[in-house]
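Think of it as A, B and C in the order they're written, each chain with its own count starting at 1.
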Amino acid sequence: MSDFKIVLTNVVKEFNRRVVFEDISFSLKIGESIAITGKNGTGKSTLSKIVAGVLSPSKGKVEYFADGKKLDADRVKDAIGFVSPYLNVYDEFSALENLIILSRIRSGKSALAARVEELLKLVNLWSRRDDRVGVYSSGMKQRLKYAFALLHRPRLLILDEPTSNLDSDGVEVVKTIAQEQRKTGILVVATNDKTESAWCRRRLHL
Amino acid sequence: MRALLSTYALFAKDVRSEWRTRHALNSLLMFVVTAVIVILFALRSVEPNPELFSGMLWVVIFFTTMSGMSRAFVAEEDRGTTLTLQLVASPGVVFWGKLFLNSGLILVLSGIISVLYKLFFSGFVVKSPDVYMASIVLGSLGFASASTIIAAIIAKTSGRGTLYAVLLFPLLIIPLLTAMNSTTKSLEGAPFNDAIIDFQTLLGYLMVMVAGSSLLFEYVWKD
Amino acid sequence: MKYVRYGAIALITFVILAGIAIPTVRTPQGLFEFPSIPGLGQKTRNIFFHVPVAWTTVVAFLVSMYYGFRYLRTRDMDFDVKSVSSAGLGFMFCFLATVTGSVWAKFNWGEFWNWDPRETSIFILLLIYAAYFALRSSLDNDELRARLSAVYSLVAGLTVPFFIFVMPRIMTGLHPGAAGDVEGMGPVLELKMSGNMLFVFFMGLIGFNLLYVWMLDLRVRAAKLDYSQLLKQSK
């Protein structure tokens, strides 16, 4: 389980036959990190979705390897945590319910209560855990997305605009999460913010 | 095993979510009641024969399917949770979870519609309950099988409501006509063997639709 | 493609001339007389046009499905262009088959439309084509449009065998050869067509299919030109 690798080979994304980006290749293994930067409309979010495995590239390959073996599509989702502005959790459930329900759908069994508690405390939502997400502020929703992304201890964490809507406390929490992830896994950050891209060793300018 | 538990978890999530928000369920229920009452008014001075009864029964189930079954995917798309589901569940899990949800919903609604017919129309007598049950169950499941993948398709389009009916209608003709046929037989008191050919058709349709759409679903679901 | 074009023109011209000019008589003799089929009489001639057009409709639909499937496997936009071009032609042939059938039905059965199983089936096929194009027009994203419409045509294709094999059992039929035969091909062959009629009929079948192939080629080439024009503009 220690070894994990993601490899992108000649990835191209087209939209209505217009090329969004062309020929992107990189590979990342545990302990490595990359910041994806670029102007609006250059495809940062699109590339982060492709890395997260929820969007197929028009051409090229995205492969995930664990212990030298290629992961099949059904197992990939267990290794990936994704935070994105396009991501939403269920408004009609509370934070606690959301985490438990989503972990059940992911793995068939509920996440450990201790892990859920630890994460909700980390993102400072423990006291509001039984409130419906519908009444949360956008900053609180962003915090909850981190708890959701980290729940299954992903080896690959992808953060698209990591600190949008967050206050200074929240930014600190995210920074800690990012630093922790860089030690234990792979970190991908899509951002235009200089301090955020500084969390990563490598750069990819689109 | 894991996929089975995941599918169940998705199904349970949807049931819980629908129960908690309820407005969709309530409006569907009101739709059903209204439709049956309109038919009651329309037929108040005639004594309908089995064929008319069976036709009117399936008209209500048909339009309920047309108006209610697109929710399975439209609700996810509207809340922006499609991406979340793509992250946590494989296409197969999503397809089966939603298929079970639609099947359950339409079975419950068909049951309610049957009860309403029984309550409102004194002439509505089911002479062969086994044929009737089989018609309702197989017909409803046939409807659910076609409506699930179409719901997934239209969730990605603009102008969903009308488009759903347009896309779904040609696919529902076969189960609709077949189920109408066997329901008529059940009201006339035909033995089970007389309707067996209809049930074979319905079962065949159900299997073809489920097999085909489970294979094609991935292409709809994954961007 | 040149031979396809000449072939289509020659065969269809032949079918129009032969199909209309050759008289039907009670006791045909030689190549230049058709037998008069009881109950059909002069109206038999429709077989040379209506049936080939209806066949071409089904061929176009299957071709469209096939290219849709290829698109899903390869994500190559050219397959989508072929798929939609074929569907467009299928829609046209379907319309022609409906009109020729309907006019014939007016004189044979007394009404333009009788909800005969085969009329119902072709009506549903028209609806499927219409739904297919409605779906396409509601999507702005090329890839999504190609993908969803391919899936829809395949799902709709799943119901086609039911229309051919099951529909005639559910509904009572008026169509020539309908009773007791569910093969779809049946009515044509079971009718007592003489050798020269069969010849004209099969020439019609080949001719209309060649016409379809030629038109498909034209449409695909035109669509590709449009695309390259668009690509040039966007650069």
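Heads up, the rule we're going with is that a contact is a pair of C-beta atoms (placed from the backbone, for glycine too) under 8 Å apart; a residue touches a chain by one contact, two chains touch by 3 or more.
This one's a predicted model, so the numbers in the text were calculated from it and none came from an experiment.
Asks: Centre of all protein Cα atoms: which chain's centre is nearest to it?
Replies: B
Asks: When A-C is set beside A-B, which has more C-beta pairs in contact?
Replies: A-B
Asks: Most remote chain relative to chain A, going by C-alpha centroids?
Replies: C
Asks: If you average the Cα atoms of chain B and of chain C to get two centres, how far apart are those centres in Å?
Replies: Chain centroid spacing, chain B to chain C, equals 32 Å.
Asks: Please compute the C-alpha centroid of chain A, do the same for chain C, then give the distance between them in whole Å.
Replies: 51
Asks: Using mean CA coordinates as chain centres, what's the gap between chain A and chain B in Å?
Replies: Between these chains, centre-to-centre, one finds 37 Å.
Asks: Going by the contact rule already set, what residues in chain A reach two or more other chains?
Replies: Counting only residues that touch two or more other chains, chain A contributes 56.
Asks: If you look at chain B, which of its residues touch at least two other chains?
Replies: Residues 223.
Asks: At which residue positions does chain C touch at least two other chains?
Replies: Answer for chain C, listing residues that touch two or more other chains: there are none.
Asks: Within their complex, state which residues of chain C touch chain B.
Replies: Residues in contact with chain B: 72, 120, 124, 127-128, 130-131, 134-135, 138-139, 144, 147-148, 150-152, 154-156, 158-159, 161-163, 166-167, 169-171.
Asks: Which of the residues in chain B come into contact with chain C in the complex?
Replies: 146, 149-150, 153, 156-159, 163, 166-167, 169-171, 173-174, 177-178, 181, 197, 201, 204-205, 208-209, 212-213, 216, 219-220, 223
Asks: Enumerate the contact residues on chain C facing chain A in the complex.
Replies: Residues 75, 77, 140-143, 227, 230-231, 234.
Asks: Once bound in the complex, which stretches of chain A touch chain B?
Replies: 49, 52, 54-56, 73-74, 77, 80, 82, 84, 86-93, 101-109, 148
Asks: Inside the complex, what are the residues of chain B that reach chain A?
Replies: 1-6, 9-10, 12-13, 16-17, 20-21, 79-81, 83-90, 93, 222-223
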